[in-house]
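Both complexes below contain chain A, partnered by chain B and then by chain C.
== the complex of A and B ==
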């Protein structure tokens, strides 16, 4: 525990990221308990009010209480990011490890597919995908749509890491000891790549959040769920800028900035932890 | 002669959370102008720490806690950083270990040399620079054309000589060379050391040579300083120290230098029954990077080899790039031959599946060069030993595996209670390599590939590990394929020697025949390049007689 604290003092990025994200999660979690999140739906409050004692974050043009929206929206947006990011890294890791360990044609097919798909503009495909699904896209659907492309970068990066590891003496030793491909992947490579997988999960989550907010800001998200991206969509649709409803503009942006900066710091902090070459001399 | 360097009572501590580590304690010595002094000791004896302290390059948490060091009247200890930086290169130059990797990969040799000059107030350009660089390169035995090349276009020995050229660019009074040849093979090593000799003759710079190889020291320095645990335990003329070592530690170090002089008697060879070989390479060769129109690089020319019968210990010797590691990898099934076939009991190795593959893994094992990377850092060392026992079906239960592991540890002189159950990073390099040998002992393979098993362990442990290989042969009927660039150890352990050059076998035969009376010019060159721990014995002819271009002829003499 003390060693962990000492490490965090040395790795300011990791500490900062954990602090920002922890703060945001605490904000939502405490909010869920002490505040009525039913107010996040339309017509539950007076419309377009400035922040006041009754509505600390103000209300929007459709009568949503914005504090309730921020509490519920932060969680929903994080949920989309986590599902899509975890699926992306999970699928990517399997493909990457398989390609690196088996080699030959398996590797050529997998890396070829990844390389071709990496050239496809992601947002374009996601817009087509999201708009061609009939009906209202809830947050889980949104996560699945994003996951459809989120595995490309992890697959490529993890393949590269596994290729380096494959030549390590201890992997060769393990093969000499009778370990098969699966055992080499799960028992020998995976544990040594855990910090790396962690860092790439965080990066994938932040990519997924970015995609989901982008799609939602275009109006392709769920119309019945108060996510951060949809809040931005409604805000633009209702002309919050022109009407001078500054709190409506500012709040989702501040929450998103905190979320992204937190994820970025966590990701580069984990990178420093996973990649000793980046470790600053201490 | 005036002293260039006077070090008095120098002490260096590494301040760690757990307490101070005394890396150097009350070290005192002097180096006269133009004198060559060798610092020897095992890893962790403090020789590099002393050098870094003199250069003002100690990293946190290292700190000089006492003493003085005067370079021709200038006190080095406590000198401000900027003043120290000016002093480096101009008056005291440094050739680091693995200097070949310290050249900037995106700069030509000319720019690398010009940088050092510019930093010390000589911003040369144009023809002045070209002439200066050409002169420097010539002094280290390189042609002026090298100036326009990038590091990746040079061989290891050439890169090392470029580093020496940078070191002498301002004619320093003292050159500090830290294991300048440890990454080079014997032939290149001799060329580089001869370069140091020429430089001294020309510039009169003193040399402080750090190393662990008494043979190399005997051939290159005037005086020896032996260090152990941060202290100087013995110092004297190189002849005196080698002939009449006073400290027992020095005696141990000298005794552990392998030479072609002595050789253990062959011992009782195991029964010579006519069994079919375990591994049979039938015209097996390997080409890399061949395409439709490119012939590719032939790493190993097709050769025939049978392992599992006589000879019991077969050494494969050659310089780096000679194809010896490729040969080992083919036997271990990590690389498939592109020509011919590699057979395990008549079956191609790559086609083995299921039980046959298990049997192959049981019969063919390896000990690798680098004991530091042979253990998965995520697990305790037990796993590396228990895994093959369980996976290959040698034992059924964990307790049986533990019993075998303990017995094997004891056999290589390790206390099982102090070694097992720990992580690899908690063990020394020597302990790890002995564990690897214990693993091989325990599995009782028929064929063991030992790829440079002693090149990265301290000298005093080398013989213990080499003797363990002989034990394997004598007691457990194991055939050992000993892959090395070190002819002296090959001579000591092997029954049969095969010399590889550019992927082809140039000579093979009994160890006596090949190494005592080498028939091929290349073998002769390798033998001549061995530094003998005897200052009165000449270091062969001139090593600068280049080895390239000689078309390898196969000479077989059993």
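== the complex of A and C ==
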């Protein structure tokens, strides 16, 4: 415990990221218990009211209580990020390990595909994908849509790491002892790359949150769920600026800034933890 | 030499563009209900008040040759794209998608080109400066703040800037490409108006991307500072300014130019949302309107054109790279 604290003091980014995200999670977890999140849906409160005792964060133009929206929205947005990020790293890890251990044409196909797809701007392809699906996308659909491209970076990075590992002596040893490809991947490589996989999971979650909020701000998200991105969408669509509803503008911005900066700090802090070579650079 | 580089890069460019085109072609077909057909049916049901729907449906069927096998449809689609035949807008029927994009493109290119270049130059200088041993104290103090901005998407920063400078202080307009009263013309007054309206959107892109460039440049500069030629330059008594600019920054610039090429997609995607926030009349706003109206041909057209532009921009960056790196020129001469 003391060692952990001492490490956190040295790695200020990790500490800062944990603090911001921990704060945000605590806010929504406590809110979930003590506040009525049913108020996050339209027509459950008076319309366009300034923050007051009854509605501490005010209400929006469709009668959603914004405190309830922030609580429910933070959780929904994190859910999308976690599902899409986990799927992305999962698929990416499989492809990366397979490409690195099997080599040859398998590797050429996988890394060729990843290279081409990485050059295509992700958000734009996701826009085509999300708009081609008829009907309302709920948060689970949104996570799946984002996962369709979220595996690209993990696949490339994990392949690169696995290629380095492949030449390590203990991997050669286990090959000489007759271990097959799968055994090398699961028994030898995976455990050694765990911190690295953790770091790339956080990076993937962070990227997925970024994409989902972006898609939602363009109106491609769920119209019946109060996510943070949809709050931005409604706020812009219904002209919160022109109508002077400052609280409706300010609150989602603040929550999203905390979320993005927190994820960014956590991600670069973990990178430093998983990739000690970076430590000398900073 | 440029020709051989071009030839080497061309297959990748083609692969990227064809992938984007293929996704545009395949995704609506893979969806459980073809969204384009659903939209057309919907419009036909609304009937009379709208424009000539039957003409639209006929042109849709002709264009995709829907009675042909899928593979024939696919190749005629690719042929159409190669000649920039992007079809018609569903929402404004007789208008061609290509015309809509052509009208919006100058706004986006103008905004993106200037803000990206400014951010790149400032970010490089700033990042190199904070890695430099004798950096000004001010640079060190503001560094963490600038880095934190890198975590934010452009549009979020755009919203925050709008809140402060257009909503509370009202020194900048809330949005738009020019004032409602102004008539587009080639006059100084109009140019000034356009410039004034572009400042906040450009600032949000610049501020958010400076951090990204500064962060990577700092890492590179730390490595460069440890090189022997830096020690040698100092031993020769070269001025600090010369060592910083000609020995440090010059070497850091090369990998960063490559990074710029790889980042273009990111920047373009981010700009789409910035244009939405500021109601800026570029392709991002066009895309947003098209999404609102389920105007599929405009959506597909914009995405295809943006992917194409990015691929071409990457190619251009790649071709000017030899101009920056004398080693590649020397290699080519041998």
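By definition in this document, the second predicted complex is superposed on the first by the 279 of 282 C-alpha atoms of A that agree within 3 Å, B and C clash if a C-alpha of one lies under 4 Å from a C-alpha of the other, contacts with A are read in each partner's own complex, and residues count from 1 in each chain.
Definition applied: a residue touches a chain if its C-beta (ideal position, glycine included) is under 8 Å from a C-beta of that chain, and two chains touch if they have at least 3 such contacts.
As the structure is a computational prediction, the values presented were derived from the model and not from experiment.
> On the superposed three-chain arrangement, identify whether chain B or chain C touches more chain A residues.
In the superposed model, C touches more residues of chain A.
> Just chain B (first), just chain C (second), both, or neither: which does A:250 touch?
second
> For A:9, decide between first (touching chain B), second (touching chain C), both and neither.
After superposition on chain A, A:9 lies in contact with neither partner.
> Counting only touches as set out at the top, which of chain B and chain C does A:170 meet: first, second, both, neither?
First partner only.
> Considering only the touch criterion stated at the top, classify A:1 as touching first (chain B), second (chain C), both, or neither.
It touches nothing on chain B or chain C.
> Of the two partner chains, chain B (first) and chain C (second), which one does A:34 touch, if any: first, second, both, or neither?
Touch partners of A:34: none, neither chain B nor chain C.
> Under the stated touch criterion, which partner chain does A:53 make contact with: chain B (first), chain C (second), both, or neither?
neither
> Mind sorting out which residues of chain A both chain B and chain C touch, each in its own complex?
281
> Write out the stretch or stretches of chain A touching chain C in their complex.
Chain A residues touching chain C: 115-117, 119-125, 127-129, 131-134, 210, 213-214, 217-220, 232, 236, 241-242, 246, 249-250, 253, 256-257, 260-261, 263-265, 281-282.
> Applying the document's contact rule, which stretches of chain C touch chain A when the two form their complex?
Per the stated touch rule, the residues are 12, 15-16, 19-20, 23-24, 27-28, 30-33, 35, 38, 148, 150-153, 155-156, 159-160, 162-163, 166-167, 174, 218-219, 222-223, 262, 265-266, 268-270, 272-273, 276-277, 287-288, 291-292, 294, 296, 299-300, 303, 306-307, 310-311, 314.
> Using the touch rule from the top, collect the residues of chain A that touch chain B in their complex.
For chain A paired with chain B, touching residues are 168-170, 172-179, 183, 188, 191-192, 281.
> Write out the stretch or stretches of chain B touching chain A in their complex.
Per the stated touch rule, the residues are 59-60, 332, 334, 358, 361, 365-366, 368, 370, 373-379, 384, 387-388, 391-392.
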